[in-house]
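Two complexes are shown next, each including chain A; its partner changes from chain B in the first to chain C in the second.
Take a look at the complex of A and B:
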């Protein structure tokens, strides 16, 4: 195979122009929610390789907002910063915003101490009920957002002030909804897998990318006057990918790590539930009897090792439970290893 | 050296019963037991009359269990004896990983069972004997 350079000046120039177009796309996105240069934007999405952070950061700068690149986590500091900087707009996962609300009392900060008026919520599926709850609790407007790192990140589709699902920027993407079994393109309004073609990328074109996200498109226009078709909420996935506090996790990533550890037997379970507003991931493993030495210190070291290995791989530190050999449910044929107890509201 | 059987047990109702049932079926006599609690699980430590048979009985049903060497010391049940015992270990910088004690009737024989780091085990035995205590061998412990 010929030696293809991973990066060169030509690619860089192409990518720079792409980034400018992306900034414009995100400017349109943010302006569509009624946010302006007078807003203070606290970006609580993780910066780094996850596009949620840097993605909207540049768009918000382009709008002229004051951007606080605080990133994810550290709830106490988030709340204090919202108060100190009189933040008016946050970009956040819906579950984390609920969590922040539940922690405000503890920190002695109430709604009137904050200047918050809008939230861009995304990176995880949520229902209309969750949006209403957030809006009522915090007296704000919350706008749904859709994007994926493979196709430039947040702002592929975004709600406008009308909050009637998300405008998909059809000047940047060709959107199709297909039957994921047959590949047949479905009519607007029919639910299927969203397939996207990117029109703005030059260095890495992406043609008919199968997102694995299930949704449908609204054919009719919107009260705001924009004519791009709107994308429904994401209704599910065609694969087994899990979204845990906004982070995408495949069960196979977890399996790969824990099966490398000799003290763990072959049966395991991935269990997800809610602790307060946040998702909680628990990995249950059976200990391997032949390597059991009867020492608590060794068992706790094993627990920590599993937690650290998984955190390094999937960025989430799970709760690790150690179980007796043969105690986790065994299934005939394909094991059902994922138990998702999060309420489907 | 005395042996202790350690069994990994999940912390929920019925788990102890399934273990005791299995030991009972195998005709094992329990001299003493204690549980080290770790929240979602615990370690059940047992002193039994036939440690090897008990180990095999539990391993046969797939339990995670282990036989460990412990230092079992006979300490007459009188005020100050435990202090004397602990002082002897302290003066020689011997660390006890884990310990429990019980008194066997009718002779008021106190027994102190200790888990000690392997490299320090021989020295611990020496120190205890030098302090005037008896270290119990397997048969002595179960025959008390």
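Take a look at the complex of A and C:
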């Protein structure tokens, strides 16, 4: 019989082996932190299109750990799962891990009910203080992780057991730090924009990709003996991109949506603060007087519509506030639309 | 016979209600009935005043978001069961009420209520058919 599909061992394509290379990269990343096949790994990053989820998932499976593909959200369930499965390693944003800790009391779960020993933290900038706080509160080791979807995802750079900033895998990437104004390549130790070139991928060649992340590379080696240079903590951005609970948001995405909604005027403000350990995004808009008919239900429906439209674009659901025209600040020249009240720790 | 209500959007900010009332008070506008519909993040103030056109101009000139809404002023027997008797008529005829609130003054010996209906014209027909007395705009202004 012709045309019946059968699986054939020789069907191993070049791309499949590329994927395996990636898994190997993450495998050695994870092993470098001291995690082993005996660990139980709760992968709390978002699955789906976000590379942080499946990226480390495959690597963890290669290590041979038990992998719980729980994804993000549902705090109660996360904590219960940590207890039920006696999770030893988590992959998560530092702010969400702090939030989880603050909620443990509510659910009557204390530290001794859990078996946590390591956390891989990343997706948002955080300070050494935050890492130490997490380590103290949860009695774990926390390892900083750097990655970006354009360059395969998590594990571009990762800390080893020394925890003195992240080894950038130079067998997979060429890393340069440049002056983003002039393009000049800077020396190790000088702060500038990280530029990355991918060595082991064919499907999407990435040559000297401007990450827009500000950082520096360490000239000195590490006590662990690895010669892959270390990358500092990310010190900022060269553009206006915001990171809210690990999600990248460009103010222009919000602006584009707001301009398309006829019921609101074009003056708006993006307000970010903290609610407990988590970031909170509020979008303030001014309503159009002509469209106000006095009905509460219609205003609430408008608020929800704006929220949904924004969520479809930026993936997180902001708080939407309706304001009277003229009550939000107006700027001449370049509008300062973003007010970020999060403390820089 | 419809009368005019003014709806004002109130941002969730300290003193906003005071701002409205002092503006009207300082300009000799008298509020005859009022209610506030609130949500977590904003409120809608609904008022019936003695000088509607002047009031809305004042509000708009002072950067308030305000608009006219048609409502009906209905007389209701001022005794226990009075309101229920009116509501019975409305319910039996499938007239849906969106909201209602009371006037400060009476027009006659009956209680006076403001009502807004989902279908204003249909509501008026039913009220007329059942001899429910509705007070006209000119009489409201004189209250």
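Note that the second predicted complex is superposed on the first by the 332 of 345 C-alpha atoms of A that agree within 3 Å, B and C clash if a C-alpha of one lies under 4 Å from a C-alpha of the other, contacts with A are read in each partner's own complex, and residues count from 1 in each chain.
In this text, a contact is a pair of C-beta atoms (placed from the backbone, for glycine too) under 8 Å apart; a residue touches a chain by one contact, two chains touch by 3 or more.
Treat the numbers as computed from the prediction; the structure is a model and nothing was measured.
Under the clash rule set out above, the superposition-derived model of chain A with chain B and chain C contains a clash between the two partners. Shared-chain residue A:322: touches chain B and chain C both.
In the superposition on chain A, A:69 contacts neither chain B nor chain C. Within the superposed three-chain model, A:287 lies in touch with chain B and with chain C [touch as defined at top]. With both structures placed on the common chain, the touch criterion links A:296 to chain B and to chain C. According to the touch criterion, the shared surface of chain A, contacted by chain B in one complex and chain C in the other, consists of residues 287, 289, 292-294, 296, 299-300, 321-327. Listing the residues of chain A that touch chain B in their complex gives 287-289, 292-294, 296, 299-300, 321-327. Across the interface of their complex, chain A is touched by residues 5, 7, 9, 11-13, 37, 39, 41-42, 44, 46, 60, 63-67, 69, 98 of chain C.
Note for the complex: chain B touches chain A at residues 6, 8-10, 15, 36, 38, 40-41, 43, 45, 59, 62-68, 98.
Looking at the complex, you find that chain A touches chain C at residues 287, 289, 292-296, 299-300, 303, 321-327.
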